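Just below sit the structures, each encoded as structure tokens.
In what follows, chain A forms one complex with chain B and a second complex with chain C.
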Partner chain A sequence: MDLLGQYLINGLMLGTIYALVAVGFTLFFGVLDVIKFSHGDVLMVGAFTGFTAASAAGALGFSHPLAQLAATVVFALAGTALLGAAVAKWLILPLKNAPRLNILLATLMLGTALRESVRLFYPDGSNPKAFPSLLPTSAWQFGNFTLRADSAILVVTGIAVIVGLHLLINRTRLGLAIRAVAQDEETARTMGINYTLIVLVTFALGSGIAAVAGVMDGLYYNEINFGMGLLLGLIGFSAAIIGGLGNLYGAILGGFLFAALQMVGAVAMPFASAYKDVFAFAVVIALMAWKPTGLIPERSSDRV
Partner chain B sequence: MTQALSRVPAFAVAAVTILLGLVFAIVFMEQESDVAVISLIALAAVAAWAGTRAGVAARVSEAAVERPGGIALLVAAGMAVLMGVFVEDHFPLLMLATVMIYATVALGLNVQFGYTGVVNFAGAAFFGIGAYTSAKVASSGLPPILSLPLGAMFAAVIGLLLVIPVVRTRGHYAAVVTIAFSVLFKTFLEVNDALGGPQGLSVGAMKLFGWDFGDGPTMFGVDASFYLNYALMALAMLSLVFVLVRRLERSWLGLSLDAVRLDETGAACYGIGIRRSKIFAFVLGNAIIGLAGALYGCMQGYVAPTSFTFSDSLILVAIVLLGGMGSPWGTILAAAIVVILPEKLQAIQEYRFLLFSAVVIAILLFRPAGLLPRGVRRYFPPARKGAQ
Partner chain C sequence: MDSQTPAIAIDGIFTAYDKADVLIDVSLVVPQGRITCLLGSNGAGKSTLIRSILGLTPPHRGSITVFGEEVAGQPTHKVIAKGVACIPEGRKMFPKLTVAENLRLGAYQEPSEAEIRRRLAEVYETFPRLAERRGQLAGTMSGGEQAMVSIGRGLMGKPRVLLIDEPSLGLSPLYVKENFRIIETLRNQGLTVFLVEQNVHQTLAIADAGYVLSGGRVVAQGTAEALKTNAEVHAAYFG
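Moving on, here comes the complex of A and B:
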């Protein structure tokens, strides 16, 4: 039971992180119909920004974990939001009418560039960094099962971010504008919506959420490295796709589904837990064969 | 200038251009210092720009349309001369062979991306299947030459596992299928003990009718590098695949592949089997990639999972895009650039991925059609003067 509980909390944790990444993909796809593949590396930049901010806050004498945590989150969010908006403005908007494959490749290459920049130019960037544990480490005991406070706080925060995003998209004027742009660019423009601004804000928003996922990942594993974004980005993209692109709930569903697959892979094949990623990606391929447009398909029809 | 050019036969212009390219390649490969390499690259860029402005490029492509076979033969001969110049040196021959192997892979991807519009982000995985096949063939005692057809076959057969999702999905959804396969394949190699795990396997040398590729042949008193064997074989393979791909492009089959890429619904209305075309292109492309992978495995002498990652697949796709979708000549040029530049620029070895990604982004922003864009399909040479 205790082992199962550990798997469960671990799966929830991973699922939240994946869902946060996938939500970004689906937001970008919604407003611009593009896949921004550098998303995973933007997440990594967010984690490194947060790490730098925490170290700087520590060096400046703010030794209280909460102060450091605040610095981490604020700087990671602001940095990646700016980065996301910059990417949208100078790379994705100019390529908007290019073939989809070109955009995909351009953003993939941007991801490589970000990854390499951190590796080369961040002090000692090629080695993993020990992310400070800024959350309380007390634990509650439920029978055999131990629930650590930091895991619980992380899961709750992640879910709160997702709920907050849901409210933002569905209940605010900004969300209305984002949905309008996603549905029809031209009509949105004629209704007086500042198209470029909304696109930039959406990219900033999605990237900020990725930063949250990056910081969560750092806090959970207590380690970050320059390559962490690649696999997280791939998983987030797969999650957004199996959920159905452009659909917020699909992305969340996909994220938790992918984490569940990894956990099932690890539990069902204890003799070969190394195969858990092989299993999860194989199921993704099978899911695509079964539902070629994702579990919650976009509402669209072929135009000839 | 342009008018003077139009009086010279197009084929002569093309031949001179190829000769200049050959001289440039020889000089370039001999340079060691970074300053020389960088100034030569700058020179090549200026020459390419000036040549385009002066109309040389237009004449060359005219010649390529009029006498495609002649141009191809000239380039192949140029490659042979290049090998002859560096016959005793390991490194340049290894680079040349690598360029030709990567060009072959990119031609295979071109059938998928460029002609049919089937996306494949698992190029390195199918390349790896070929390479691992060569390792297994070498250790099983079968004749090593069999690893080439077997590598092609295994790549095609394993690719068949993906056929259903690849055919059913489109666009980004199709991309995720092959991306997932690419990650899955590398992870699988790392954890599978029968395939050597993270250390990989060693591959025996290629042998052909008692001719051991591990030894350099001695001809006319010159001790050639053993890489000459592989370079020659790579040239033969590239030529064969090139001819095949060009024939395919010109055939009715190629026409229907183009139709599938440009407009699936329209193609289906004219009775073209969308699924059949996509399966054909996917399987054929993978077979070509697997063939090249088998030769690569033999040449390297070992195979390891780190050579077949998702990033390597991306580099392969970048070659196709850089050259120009569906343009075989562009593919070969792009393969040369992508393979040789990072090797020659040793000083910036550390920064090569960064620079490389920046260059690809710049090309996508400013020259999205690629270096040598594919021309409009033409079945007949342009009407000659007096023919009407």
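Moving on, here comes the complex of A and C:
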């Protein structure tokens, strides 16, 4: 029972992180029909920005964990939002009428450039960094099962971000504009929507959400490294694909599904839990063969 | 604003897709408070003219003014901000948005929620059917109902000039008649209308003046009465 509880909270945590990455892929594909492969590395830049902000806040004498946490979140969000909007403005929008493969390749190369830049130019960037523990370390005991406060806070925060995104997309004027652009760019323009602005805001939004995932990952594992975006990006992309690219709820479902597969893999093969990713990706391949358009298929008119 | 300033004045525009000019030296004027029509057969360049005005396919030469202000080369949302609204060809619903969301998008540039609600109420009064179906996805409605959404959406922006592209396309004769009646009512309430149509007789019956486009050039212009008997009109369509 206690082990199952541990797996459950771990799975929820990972599922939330994956879902946060996957919604970015699906938002970008929704408004611009592009796959932005630098997304995972933007997440890594977010985690490093947050790490730097926490260290700087500490060096400036803000030793309280909450002050450092606030600095981490604010700078990680703002930094990646700006980075995402800049990528959209100077790399993706100029390539808008180029073949889709070119955009995919250009963003793939940008991701590599970001990753290598952090490795080469960040002080001691090639080594993992110890991400500070900024959350309360208390824990609750339920029989044999220990629920750590930091895990609970991270899961609740991540889910709150997902709910917030859902409300933003469905209940606000900005969300209405994003959905309109996703369905029919030209008619959306004719309604008086500033198309370029909506694209930039969407990329800022998706990238900011990835930074939340990056910071969550850092706080949970207490470690970040320059290559962390590679696997997280790939998992987020897979989650968006199995959920049905372009569909927000499919991406969230896909994220939790992928985490569940990893947990099943770890439980079913306790002797070889290192193979849990192999198992999860194998199932993803099988799922794609079974449902090529995703679990919640995207029709041409069914974006975001 | 002087009521003599044309709602739209187009002066010598050339518009091209890739390299071939689709509009060649087109000039026309849409005066305020009237229905001005643009007639022409398929492929004459009518939709391209609408796209040029809206900035979706900007002209590479010439000038377009809306209430005296130059808009050629401006992004679409800035043209809309001058008081332009468009009821596009083929209705162009957002199929996965509800009727109410589609209508709200028509008033996207209106910041006041109270004003948006007031306009929604007006549209629902004009089209009671839309009030019943406000929560329904627009893509699941019949063609005639979608036409109502499209017209209502065009009116939600409280435009000073309304561009209407082929309102009769793909609709049953009964709906076409109803649509033309609504357009005439709007003009009688003081709205300026630029009506683009293939349907010569019904269009000239409600229009005040018009232009005929053929092969990307204006080949005839005049009052609706004059156009009814103009040989060029017949030539543009039949020969």
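For this structure, a couple of remarks:
In the analysis below, the second predicted complex is superposed on the first by the 300 of 304 C-alpha atoms of A that agree within 3 Å, B and C clash if a C-alpha of one lies under 4 Å from a C-alpha of the other, contacts with A are read in each partner's own complex, and residues count from 1 in each chain.
As a convention for this text, a contact is a pair of C-beta atoms (placed from the backbone, for glycine too) under 8 Å apart; a residue touches a chain by one contact, two chains touch by 3 or more.
Keep in mind that what you see is a predicted model, and the values were worked out from it rather than measured.
Once chain A of one complex is fitted onto chain A of the other, the partner contacts of A:E186 are limited to chain C, with no touch recorded for chain B. In the superposition on chain A, A:A59 makes contact with neither chain B nor chain C. In the superposition on chain A, contact of A:V278 is made with chain B only, not with chain C.
With both structures placed on the common chain, the touch criterion links A:A177 to chain C but leaves chain B unconnected.
Among chain B and chain C, the chain that touches a larger number of residues in chain A is B.
By the touch criterion defined above, A:N194 reaches chain C but does not reach chain B.
Annotation: chain A residues 302 touch chain B in one complex and chain C in the other.
Those residues of chain C whose C-beta lies close enough to touch chain A in the complex are 54, 56, 75-77, 80-81, 86, 88, 92, 94-97, 101, 104-106, 108-109, 139, 153, 157.
Interface residues of chain A, counted against chain B in their complex, comprise 29, 35, 91, 94-95, 98-102, 104-106, 108-110, 112-113, 116-117, 120, 230-231, 234, 237-238, 241-242, 245, 272, 274-275, 277-278, 281-282, 284-286, 288-289, 292-294, 302, 304. The touching residues of chain B, when paired with chain A in their complex, are 113, 119, 162, 164-165, 168-173, 175-177, 179-181, 183-184, 187-188, 190-191, 265-266, 310-311, 314, 317-318, 321, 350-351, 353-354, 356-358, 360-361, 364-365, 368. Against chain C, in their complex, chain A makes its touches with residues 173, 176-177, 179-180, 183-184, 186-196, 301-303.
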